[in-house]
Each structure stands twice: as C-alpha cells, then as structure tokens.
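Input: one structure, supplied below.
Every chain is named by a letter (A, B, C, D and E) in the order it is written, and numbering of its residues begins at 1.
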Amino acid sequence: MEINWSAVLGIVFTPVIAFLVGVTYGGLTRRITARIQNRFGPPFYQNILDIIKLYSKESNINHGVMQHLGPVFAITASVTTLFFIPVIKDSPVFTNFSFNGDLIFLLYIMVFGSLGMALGAGQTGNPNSAIGVSRGLSQLVGYEVPFVMALVAIMVQFQTTSLNDLLAVQDHFTKWIIFQSPFAFLAAILAFLGMMGYAPFDVVIAPAEIASGPPSEFGGKYLGLMLTSRSIFTFAKLVLFTDIFLGGAHDFITLIIKTFILYMIPVLTGIVFPRFRTEQSIRFFWSWPLFFGILAILVVVF
Amino acid sequence: MNKNLYNENQTIEEIKNTFHTAEIKLQRESRIIVKLRSDLIPPFLSYAKNYLAFNHLAHFSCVDWIEDNEFELVYLLYSYEKNIVVIAKTRISRDKAEFVTIKHLWRQAETYEREIHEMFGINFTGNDRLNEFILEDWDDIPPMRRDFNTIQFAKDNFYTRPGREDAQDVRETITKKSGEKIPDFAKEFSVRNLK
Amino acid sequence: MFNDKEASKIVDIIKNFARKHSLWVVAYGTGCGAIELPPTMTSRYDAERFGIRGSATPRQADVLLITGYLSVKTLKRVIRTYEQMQEPKYVIGFGSCTINGGMYWDSYNTIKALDRYLPVDVYINGCMPRPEAVISGFIKLQQLISEGKADGAKRYRENLEWYRENQRKVIKNWRMPEYNW
Amino acid sequence: MSPVHFIAIPLFAAFLIPLAGKVSKELVKIIPGLVLLYLSFVSVTLFPIGTHHPVVEIIAGFKPPFGITLYYGAIAAFLTTLITLIGFVIWLYSYKFIIREPIEKYYMLFMMLITGSTGIVLTGDIFNLFVFFEITSIAAYSLTAFLRDRDGAEAAFKYLLIGSFASTFFLLAIAIIYANVHTLNLADIAVKIQDVPVTTRLFVLILFLIGLGIESEMFPLNGWAPDAYSQAPSPVGAVFGGIVVKAAVYSLMRIIFLMFNSHDVLHFLLVMGIITMLIAEMSAMKQQQIKRMLAFSSIGQMGLVIIAFGIGTEPSVRAAMFQMFNHALIKSLLFFSAGYLVFHSGSKKISALDGLGHDKPITSFFFAFGALAIIGLPPFSGFWSKLYILLSIADAGLMVPVVLILISSIIEAVYYLRVVSRLYFYKEEATDVRRTPVSGLIAMGILTVVILLVGFYPNLILNWMTPAAADLLNKASYIKFGLF
Amino acid sequence: MNSIAYILLITFAGAGITFIVHHLIKPLRDIIAITVAASGLYFVIQSLTEKTKIVFGIADFNIIWGNTPYSNLFAVLIAVLGFLTILYARDFMAEKERLGYFYMNLLFVIGGMYGIVYSQDLISLFFFWEVMTWSSFLLVIYCCKEAQPIGLKYFVFSAIGAYSLLIAIVMIYAQTGNLELSNILQNFGNISEVNQIVIAVLLLTGFGVKSAIMPLHVWAPDSYSISPSPFTALFSGALSKMGIFGIGMVLFKFASHSGYFSYVKIILAWLGGITALLATFYAIFQTDAKKLLAYSSIGQLGYIIIGLAVGTPLSIAAALFLVILHGAFKAMLFMSVGAVYFRTGTTDMNSVTGLIRKMPLSFVTMLFGIITVSGVPPLGGFAAKWMLYESLIQSKHYFLVIVVFAASTAAFLYLYKLIFSLFLGQEEVEWSHVKEVPLLMLIPMLILSAFVLVAGIFPGLVLDPISHAMQYLGNYGFKYETSVLFNEWGNKINMQTVINVIGAVFLIAGLFVTFKGLKKTRYVTTKDIHTSGEIPEENENLTYAVDFYKPFERAIAPALKASIDKIYTAIGNNLEQAFDFLRYVYTGNGQTYAMYVVLFLSLLILFAELIFGIKL
C-alpha cells in the first residue's frame, strides 16, 4: 500500500514544531514578564534548557504505576488534540487527522489530559497534590460551561460541528467568526483564560500555598514530560482558537502571528492580576462569560 | 532630673506603703526598680496589674549569679497610661530552682517560663507545658547556666575547622582604640587560647 | 562516523550546558541569608537571567542553599530535604557561619563546618554575602558544572558512611529513613 | 341429597353436641368435622345441578307463596360451597386451638352459625331469612364473648346492642311489606312490590338498608365490628370475616336487586362502599393491635365488594363474587396465622411481634403470604379479583372509584408490610418454646395452596361466577322459578 | 415450547428450587443459582434468532409473550447482568445468612424483568412489574433494621408508580376493549386526544418512578445504598432500565399525534436534564461510596431520558446505547465498590484509602468505569455522549445541551473523588491486611471492562441491535458504520482513528518514560513525600479526603438547599396525623355507635328523595 509521505511527515513533525513553538512562547512569556517587572529575564530558549535539564536528571522517583503514567496521559492528550486540529489550512502536511474528529471530540480529549494527570497526582499521596487536583477540577467545571456555550452558538450558526467546515466558512478577512459572532468569541476568550491556568486562575499550582499543587511530587523525567505536554497543549489550544475565531492560517508565519497575539491575552492579564480563590474564579466564570455565552446563543436562536 | 516626676513618685509612694520590705529605686525618668523577697512577687505583680494599671508584662528573664549561688528573676511591667516601666527583681536559690507560675496573670508568661526552664532549669509549679521547647533531644545541663562551658561543649561535639588560631580577637582591637582593659575573668574566653 | 566515546562526550556537553543554565533552587532558607535571595531574584540583580529559579519542592529542585547558621534541629530537616532531591544536586553554603561557624563559632547549638555533614560544592563567604556575591557564587557553581566537577551528590553517595557517622554524632536520636538514592 | 340437608343436618348436630358432651369430649370435637365434611361433599355434588337449573325445595308440603321454599340457584350453590369449605377449614384449625373449658358450647354455637348462614343463603322466603338472621346473630353474640374476659364481654354487648337495632328494623320492614303485599315469598314480593305506594317502598328500603347494612358493616353502622373481631378468638374472627359478613352482604344485594333495582340505589351503595373502604383502611393504619388491624382491613375489603356490587353491571357483580371468595380465603388465613402469632408472642400488640420470623418461621411465613395476597400482588388470587373489579368499574365509565381503590390499596400495603418487615427483621431472642400444633398448620397450608392455585388459574373459579352473577341479576328467572 | 417459555419457567422454578435447596444442601444452592442464570442467558441468546410467540388464555384475557427486536435488546442486558451478578454474589455473600431468601428473590427479580420485557399484553406486563417490585422490596430490606423505613419508602413509591400504570391499563381497557399490545396500537388513534395524553402521562409516571426521574427519585439513593452490593449492581444496572423500556414504548408506540404530546416530551426532556444536574451536584458531596454511585446512577438515567424524550433518531440511538452501557459500567462500579466493602468492611470514603497496590484489578475495573461514565474518548462513554450532544444540538435544544454538558463536566468531580479516596492517596497501615478479591468476583468485573472497551472502539457492534430495535419502535433509521458515527449535518467521528492515535502516542510516550533511565528510577512509599523535612510516623494519617470539594461547595451552596426529600417526608407525616382524627370516629363505646345508627337512619329518611329519587 502506498504511504502518503506528506501525511507521515505531518505526523512526525507537527508535535516537534508544536513543542518548539510552545516552548519558545513560554520563554518569551518569562522574558516579557521580566521586562514588565523591570528586569532582563532569562533568554527565550530558557524553557528548552529547563526541559533538557529535567530529562538529563540521573535519578527519578515515582510512587507507583499511576504516577508513572500520569505525564504519559498528559502528553497523549495534548498530541492527540494537536493531531485532530488542522494546524495549517489545507496544506497536505499539517492537517493530519482533522477530518476524523469534531469539536465535541476536542472538548472531551482536552479534559482527558488533566484527568490523567489528576490520577497520577492522586497516587503520590501528597495532600498538597490532592488539594491542587480538587481545585483544578472545580475550576474546570467553572470555565467549561461558558466555553461550551460559545462552541454551541458557533456550531448552530454555521450548522456544522467539524472544524474544517468552520475554516471553509472563514475564507475572507471579514468572514472571521470573531466578527460574525462576537459574543461567542468573548465568552470563549474569557474561558480561555481559565484554560491556560495563568495568574488570575493559577490557584491550582500555587507554589507557596500548596507546594505547586498536583506536580509537587513529580521530578526529573516525569516533570520534563509534563512540561513538554503543557507546551504542546498550549500550542494546540492556540491553534484551535485561531482556527475557530481567526480563520486559521494559510502559512506558518500568519499562524505564528495570530497565535502569538492570542497568547498575549492570558499572559498579559496574568501579569497584572493577583490570584483568585477557587470559588471566586468559579463565580467569575459563571457571571460574565456565562452572560456572554447566553447572549451568543440567543443571537443565534432568534 | 528636671522633668516633674509626679507619676513616678506617686507609684513609688503607693508601692512603698503596700510593700514595706520592698527596696524601691527610681533609676531614671519612667523607670523604677523594685527588689522584693521571692514569695512577695506574685502578690506584687497582681497588685501592679490590677491597681497600678501596669497591664503589660514586657519581659520575664533570669540572671545566673553563680557566685552567690542564686538565680535572679526579673519581671518588666509597663503601664501605657503612666508610661512607666517597673522592673521587679527577686533572688531564688540556685540548687533548689523552684518558683510559682504567673500564667494566670499573663498567658504569655507560660512561654517565658518554658524558655527559662529549658535554659536555666528552673521548675515553675503550675505550668504544665515544661516539656521540650527549642532545643531538640538536649540531654546536657541547661546551657545558659554559667557553669556550662559552651566552648568546651562546642569543641567536643562539633568539628571545628583548623585555622582560627591567628584569628584576631575583636576585643583587643576595641580595647586598643578606647583604652579600656579586658577584664581578667573574660580573658580566658578569648579566641587565642582555644586549644 | 564517530565512535561511542565521542558521542557520549557530546551528550555530556549538552547535558552540562543545560544543567548549567537551569538551576532550580529549593525554597528553603535556614539562617539570616534567606533574606538575600529575594533581591537576587527581583529586578535589581535578576538571577533569572542565569536560569536560576525557585522551586517549591525538593523533588523538582537541583540546588540546596544553606543560607547562614545551621542549628542541629534544622540540620535534621536539611538532610531529609537533601536526600529527597534528585541526583545531580548541588549545595551552596552562604556566609561564614557555614564555613567555620562564623560568629556562632562557640555556640552549643550550631554546626561549625557544613561540609562534614553535607557535600558542599560552593561556599560564599561574608557575614551574609550581598546579592552580587550570591550571583558570583552561582556563576562559580555553573563553571564547576560545565567542567563536570560539581559532583557533590556522587561524593555523598560514595562515602555515605562517613557522612552518616558525622551526622549521628550531632543528631542524638536518629530515627531517619534510609537514603535510597 | 337435597338442599334441605344444608340446614337440617347442622341444626340437628347443634342439638346433638351437648348430649355428646356428656359421653366424651373427643366426640364433641369430631361431630362438627364429620357434618361439615358431609355438607361440603353434598355441596360439591349439588353444585353442577344448581348452576344449570335452580332447584326449588318446598318444605312441609305448602306450595309457595305460602310454604317456606328453599331456592338453590347458582349463587346459593357457590355460597354454600364457600361456607361449608371455609367452615371445615375453621373446624380443622380450631380442633387444637380451642382448649378452654366449655368446648361443647363452642362447637354447638359454631354449628348454629353454619346453619344460620347457609339458611340465609338458601331461603326464598323473607321471614325465613329473618329467622336465620336471628340464629346467626345470637350465635355470633355468644361466640364473641367466648373468652369470658372483660373486653370479650364488652365487645359482645356492643355487638348485641347494635345487632338488636338491625333485627328490629329488619322485622319492621318485613311487617310493612307483609301488610301491603300479604305474602312472604321473595319472588312474590318482587312481583307485587310495584304497586305499593312510593313512600312506603322508600321507607321499607331505608329500613332494609339500615338492618342489613349493620350486618354487612357499612360505614356509619360498623362500630361494633372492630371490637367483635378482635376480642373473639381467632377462628371465630375467621368465621365472621369469612362467612357471616358474606351471607349478610348477599342478602342485602338479593333484596336490593329484587325489589329496589334502581340506578340511584346502586349509586348510593357505591358511594357508601367507597366511604367504608377509605375510612376502614385509614383507621387500620393507626392500629396498634394486630387483630383490630385485621378487622378494619376486612371491613375495608367488604367496602370494596359493596363498591363492585354498587356498579351493578354483570362483570362487576362477577368480580365482586370472586373478591368475596378470595377475601374469605385470605382473611381466614390471616386470622389463623395472627391467632398463633398472638398466642406465641403473648400479647396482642404488633410491637410484640418483633423477630418472630426467626423462631416461628412457618407461621410468620403464612402471615406474610396472606399479607402479600390481600394487598393484591400478582402471583396470588387477590390480584385477579382486584384487577377485575377495577376493569369492570372502568368499563362502567367511572374513573374516580378506580383511583380511590388504588389509594386505599397503597395504604393497605403500607400497614401490612410494616407488620411483615417487623416480623422478619427486628432481631429478638427466642422466648417462647411452644410449637404451632399440626392441625393449625394443615389448615393454613390448605388455604395457601388454594390461594396460589387460584392465583395461577383464576378461571377455575371465574367460570362458576358468571352463572352466579346472572342468577343474582335477572329478576325474571328468579321469579319464574321462585313461584314454581 | 420455545425459548421464551423456557426462560421464564427456568428462572421462576429455579428461584423456588434454590430456596428449598438452601435448607437442604448449602453449596448446591450456589451451583443451581448460577446454572439457572446461565441457562437464562443461553436461551435469551437462542431466542434472538427465532421470532416466537406464546398465546394462552387466562381468565378470559389471552396472555401473549413474544420477543421483538426492542425487547431482545433489554433481554440480553438483563441476562448478562443477571448472570454476572449471581456469579459475583457467590463469593460476596459467602458467609452471610438467609442466602436462600436472597437467591430466591434475586431470581424472582430477574424472572420479573424477563416477563416485563417479553410480555406483549398489558396484563402480563403489570403482572411481572408487580412481581419485580415486591421481590426487589424484599431484597432492599434484606440487610438490617435501618433498611425497614427505606424499604417501605421504596415500596410506597413503586406502588404509586404501579397503580398509576394500572389506572392507565384500566383506561385503555375501557377505551379499546382489549389489552393485547398489537391491536391496542392499531386503534390507539381513535381514543380521544385528551385520553391519549392522560394515558401517556400516567404510563410515564408509572415508568418514571422506576427510572428515578427527579420528582420521583427520592427512594433511589437510600435503596441503592442499603441493599447488598450484588443486588445494587442489578438494581441500578438493569432494574431501572425497565422504567426506560416502558418510557421508550410510551414515547414511540403509544405516541399520540396531538400537538400537546410534544409539550409532554419537552417537559420530560427538561426533567431529565434537571435530574442529571442536581443528582450530580448531590453526588459530589456524598461521603459514602454507594450513596455517591446511587446519585450518579440517577444522573445517568437522566441522560437516557433526555435521549428518548428528544426523539430524533440519533438521540434515541444515543439513549439505547447508553442503556446498554449504563447497565455495564454501573454494575462494574457497584461491584468494585462491593469488592472494597468485601475486603475492608466499609464503603466510607473518608476512612478507606490507598488500596491500589493491594487490589489492582478492582482498581482497573473502577478506572474503566469512571472513564466510561465521564465520557472520555477511548472508552464507550464517549460514543454515547457524542451522539447525545450531536442530536441535542441538531434538534435545537440549545440550553438543554448546556445543562447536560455542565452535569457531565461536574461528573468528573465525584468520579475522581470516588477513585481517589478509595484507591489512590496515602497507603495507611490500617488497611495493609487487604488483598485482592477472589477470582469469581473478578471475572464479572473484567468481562464488563472488556465489553466497555470494545463498545468504545467498535460502537457499531452495539448499534446494530439498537437499529433493529429502533426499526421496531417507529422505523427510525440513522447512519452509522462499525466504528464511524455520523450526525445529521454529515459530520463524522472515526472511533478507529481516535483509538489508534491515542494508543500509538500512549505507547510511544509510555515506552519513552519507562526506559529512559530505567535503572535509576526507583519506587518510594507514600510516606516518603515532601513534608518540608518532617518525617511522618508510620501511622500518621496524611490523607486529604474530608470535605474534598469545599471550595466548589461554597461556590454553588445556594443551589443545594432545595431538597424534594423534605417535602415528601412532610407529606408523609401530616398524612399520618390526618388519620388520627379517626380515633374520634371509633370511640369504642356502644352508645356512640348506636347514636350513629339512629343518626344515619334519620339522615336517610330526611333526604330520601334526594338520595333515591322518586322513580324507585
């Protein structure tokens, strides 16, 4: 059977590129935060060095099979999410499996990773990680509801649940969904803040309070794998949002520009805001984003 | 002493006519030193607290007079209204180091007493928390007692890196400048003769 | 085209380069030196330029800072934290108290020479070194790492008995779990 | 082998027992058994004849409308079989149960009761009906007081007081009818009642309703029933629940359908039936004593039968008869098992029954079985009869009674299952060592087997119900045969 | 005799025999119970192929038993779950007493369920419905004294349900004159529209009680948690499906074409949604594992009801798929909680902790169970959820989608709490004696886990019988392949690729993590954790389980106040008071009774014309 080389190429390279872009974005965030705090900050490739250092750790500790597999769940979820999103519009290399899945599948696969990590963190036995997980899951319920509202509003407006159809609809600059259904975009972006886990909503991995929450017992290669999957996941979410709202990207450069702009929203809000308590963040997600979500659906219904 | 010391004198008068045996001395403005017999301390403290408005126990410490074989307990009381500090001193014997707790007057006295118990070995009856406080697994004699040779203990238990012999004794430079003389009893503790 | 020895050499170079530029410090201040760390991290001296970052738990950390005098009680916790850290780990001793007891040279409660109890890689002298000195200490550590000479963990592992014997001399009731490196 | 035997033989036995008592105690116990056995044999053989073609028996040669005639139709056949069978089982149960002193009095009264109820069912003459009514009532009064304790006497007195009301009103009604119509034969009255002036007919109807209403325990008139049932010994309670009340309801219905067969009267009966059922079930919920609870529950079931009769359509009467049959069986089973449970636990209180399920497994199994059957759960016969009643009511187009019946059966389920689960699950250590005698177990066993049998094959009984319902309903055939 | 008759005969006879055998030879009883269940399963499979019908008259109604594709679906579920529960019960109930009573009632319940599913006429449907009710009642009150009030509450609710069924049956009989299902359906149309609605609503309440829709669910949590574990697996797995079976019949076979009926459907859908949401919120704050699973089971039934009530072909398929799946994963979860109870003696989540290394297979079963319940891709739950959401979106129930999605996201919370507090977390000395459950209890759990996995990869296999059933229900067709699901807008999801991708990435990452520095990776106990230098003693309890979701509780506290249970208990109590007034009616002294008689007489005479009318 003839192997579709470009597809194989896509499968091999997409995660690598995603990792690199994600990691550089992480590095740039640290540099921008430093700049805002009036200091130079680490070089942009600092995150890569951190990850290489973690992988090069000589001794690794785990508390059992579930913790051993926790990061594996995380990386599986992020890579699978990546594969099911058309990274670059109708380029043979970078569409991977996006024709087989749809938005609802993506919604669930994004949760698969955090559940796997939660199970791994659970087995460590460290009370801090358990507290972190309970906060994480409560917040998850918080931001999922407005996000789904936004997605439902879009799906109904364009009568499709598949990402490729959405991309096909947004062929021209004015056709972007950010303009066609602004309320859905607003709800989704506010939910995106919760998804990224930056400052206002980083109660889950609060370093001082609960010793960095779930990953408190993860060291060495486990932490390395977790950070890799986190960067890939960030890239995947960014691409997902660009595909839904900003009409996807024809080539790599527009993709980078769009994703970077989107990425700056949670980063900049993160730097400015102090940390919310869990119930405050849930109440936040169920006030303004929910209001916009309902508005988005009402707009579509009438 | 030109400030009018009305408050201070007033307090001294009141203390004098309730505790006749007390030696009261006005050291300076807003500071009175009272020396009492050991069994008069608790009544004096409650009297000062309830009647003379000395409602703040500033400090409670102990001094080891090894020469007279006595411990000296020093209570510092402060009155917000009168802005005066009363220092109540008393002497208890060093061998039978026993005293009564004043926990019922000020709760924080309990912590002071625990520290004194750990550092000087004075047992306070009525304070039930005289167990291990700061030092963990300490089995030697209470370290703040003057008969406890700190340097010897440090030398035995801890490895000290060689090379401090020619260390300059900071006290000599001070005395050289100000012309004072190191008292002979402190001489033996200089770094030089650390064997 | 190049044999196994060169390959492992290149891998070591990359490893050391990464380890050199990403030092995660355990958030664990023992003595008065801990107050020196915030200024080194924040905008004026910005240790993050060198990849130095705090980490909440010993599992994630590489560098253990002993900032100042180390009482016997804290030594017990420090040993436990050190043993929980992962293999290429380094210890930096801050100030004269860790070098030779400092001003507490005659105290009954503090240890006088840190390297008898823990394998120290870098000492920074000064009765609390200023942030510049701290950063120079880190730079020194980074040099040692790149030359591969920062092998404190290996030394600890090899002559564990000697370390244990010193530690037991100071810590009376031992009751510590085994160090299963 | 004629219907007269049903009356003559038990009456003769009733008088024979005191004499036999002189000879030997055992004989006294045997005679009623033999008599009832023979009677049930007779009833079974006569059954096909009766249902096919009603047999009219003339006593002492006088032709109707003067002489006393016995009308042995389909319904009479069914009821006599029911009475004799239940009578035999009750005799079997009380063989070992009644051990107190005046045994021959007990069996003599028991025989009188059997004679009275069979007489009510068979007679075609209204005055004769009154006579048999009196026999049954007197036997019932004295049987209630059989245990000779304070409560027994008080209950019997109450029953006597209200019973005498019933018989006086009944007699008054007969007198008025006789004054206007000059005949006592039921068929004859049925023909001549039309030309009696309306007001007197109205008055006679009210008197009949009150008279027979008291006996068939309609709502305001059934004050006596709970005390009588609970104070009488349990076989007597079974007799009341199983036989006496059935005969009373039959006579009320016979008179209503013959003489006052109008829609309003039946509607009135329906309403009274519903009220009786609801009030009885609700008060059963609050009872603390097990036999009083059973008494109220049997009043409730009778209310259900009256409702079915009140509908007045052919299927509903058939369902009512089937319900009467089931109720007789299940109620006697419940009274029997309750009798032994009270006997073992020493007190009438329900709370004393805790944990009896473990050390008296068989008796409590029978009680639980009876409880499940009476609620109307599927594999038992109670289910079919309740179902048919509901179907016939719905057929007649009324939905409200259906809902009310179901509500009352929910209440019934609650208080029965409360007792059952108390029996099985409150753990108590075994205090009483006496075993239940075998004869009691056999009696209960027979009833359980019959209930299960009818539960699986209801048309065993149902096929006989259709002719019985027809016989009760169409006045013309009764008159034709009655007047001979 | 065809297979249906065999099934019913064997099951009911088997129940009787087991009861008798229990009193004679104890070990034989288990073998008989297992063979009875196995033969039931065998004949059900055999009956799938043949189209049989048994007709016999009983009391001038003829009883018809026959199997339709729709009933085959449920019959297979009952057979499989029944067989597995009895297999599981053998060891679980080994040393408990009154086992004859337990097995008899269990087989009665299974027989009752077969009867319901195979009955083609309303009389036998009601007959078996009642048999199932009282035998399950006897099982609910099996365990102990506290079970008695719970059992009574269960019986009263199911009696209300059963009697509303009976009223509906009686009305149908009054309207159409006969009770066979086949000709009822023909002339169901000519019943007046109002009656159709009333009958439908009555049937829905009747079946709704059994499938625990919100207002009628009050009995469910207590009864599920108090009854013994093997029976709870069957109770929530199969018994609640009888309610769903009925609702399906009503919504599609008895469906009247009047406009109002669509309102009934919408109300039912919203009831299902509220059930799902509130049940999930209650489940989150439970401390007892079985109570938690009970509420979760009510929530899942809410989804099924939504699927049926929405009515588009895809949503019915989702509902029926969930029926099969819910049976499997709910039984799995109750069995693994039962396994924990079997070994530790308690299901309280605050005391049991850290059993993963001691009971690995039960852990795997529960892991598969919670993955399926949460609907995360690799396993079957995702296919069901996917179909449900697609159908809800396409059928314009936008806000219902949001409610359902909020409920299923909140489900992650209690699912994680369940597996975390029982299996993960600190490994305490207190539970060091625990070891894995015997083999016979493990087999059912593992079979169900395998089934759930296969249902995830090849949903088509399960969808085939479902599409036949839907053909029977109202010839609804929907497009699907063995492992690709489609929605009405033509979008599709290929489960095969999903599983391949996840599997491949998982494998590569797993190998990488395991073999990277394999020699130097070491296992440490849960006591060797970062406690900032302190050394925890051996028996020091570091578990975090009490008030696990306190912040979430503070966030949604207002929503939890409303509880229907209080209303019901209030009704119950003042009904009790109402009956008290009767004490004044039956005062107990003769004179008042005599006065009643006279009063009644005078009343009759006064209102004679009114009561009896003139035309006597």
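Operating definition for what follows: a residue touches a chain if its C-beta (ideal position, glycine included) is under 8 Å from a C-beta of that chain, and two chains touch if they have at least 3 such contacts.
Being a predicted model, the structure only gives us computed values, none of them experimental.
Trainee: Stepping chain to touching chain, what's the minimum from subunit B to subunit D?
Mentor: 3
Trainee: For subunit B and subunit E, which third chains touch each of them?
Mentor: Correct list: C.
Trainee: Farthest chain from subunit A, going by the mean of C-alpha atoms per chain?
Mentor: D
Trainee: Going by C-alpha centroids, which chain is farthest from subunit B? Tell me that one.
Mentor: Chain centre farthest from subunit B's centre: D.
Trainee: Weigh A-C against D-E on C-beta contact pairs and write down the one with more.
Mentor: D-E
Trainee: Which chain is most central here if centres come from C-alpha coordinates alone?
Mentor: E
Trainee: Let me have the rounded angstrom distance from the C-alpha centre of subunit C over to the C-alpha centre of subunit E, please.
Mentor: Taking the average C-alpha coordinate of subunit C and of subunit E, the gap between them is 60 Å.
Trainee: Indicate the whole-number Å distance between the mean C-alpha point of subunit A and the mean C-alpha point of subunit B.
Mentor: Each chain reduced to its C-alpha mean, subunit A and subunit B end up 63 Å apart.
Trainee: Give, as an integer number of Å, the spacing between the C-alpha centres of subunit D and subunit A.
Mentor: 80
Trainee: Calculate how many whole Å lie between the centre of subunit A and the centre of subunit E, each centre taken as the average of the chain's C-alpha atoms.
Mentor: About 37 Å separates the centre of subunit A from that of subunit E.
Trainee: Could you list which residues of subunit E touch at least two other chains?
Mentor: Residue numbers touching two or more other chains: 520, 522, 524, 530, 532.
Trainee: Please set out, as single numbers or ranges, the residues of subunit B touching at least two other chains.
Mentor: none
Trainee: Touching at least two other chains at once: which residues of subunit D meet that condition?
Mentor: none
Trainee: Going by the touch rule stated at the top, which chains touch which?
Mentor: A-C, A-E, B-C, C-E, D-E
Trainee: Would you tell me which residues of subunit D are touching subunit E in their complex?
Mentor: Per the touch definition, subunit D meets subunit E at residues 157-158, 161-162, 165, 169, 198, 201-203, 205-206, 209-210, 213-214, 220-221, 223-224, 226-227, 260, 262, 264-265, 268, 279, 282-283, 285-286, 372, 377-379, 383-384, 387-388, 390-391, 393-395, 397, 399, 402-403, 406-407, 409-410, 413-414, 417-418, 421-422, 424-427, 457-459, 462.
Trainee: Quick check on the complex: what are the subunit C residues that touch subunit A?
Mentor: Those residues of subunit C that touch subunit A are 14-15, 17-19, 21-22, 24, 27, 42-44, 46, 48-51, 53-57, 59-60, 62, 86-88, 153, 181.
Trainee: Which residues of subunit B touch subunit C in the complex?
Mentor: Touch list, subunit B to subunit C: 134-137, 139-140, 143, 148, 150-151, 153-154, 157-161, 163-164, 189, 191.
Trainee: Where on subunit E does subunit C make contact in their complex?
Mentor: Those in contact with subunit C are residues 520, 522, 524, 528, 530, 532-535.
Trainee: Name, in rising order, each residue of subunit E that touches subunit D in their complex.
Mentor: Result: residues 57-60, 123, 126-128, 130-131, 134, 137, 141, 144-145, 147-148, 151-152, 155-156, 159-160, 163, 166-167, 170-171, 173-174, 576, 578-580, 582-583, 585-586, 588-590, 592-594, 596-597, 599-601, 604-605, 608, 611-616 of subunit E touch subunit D.
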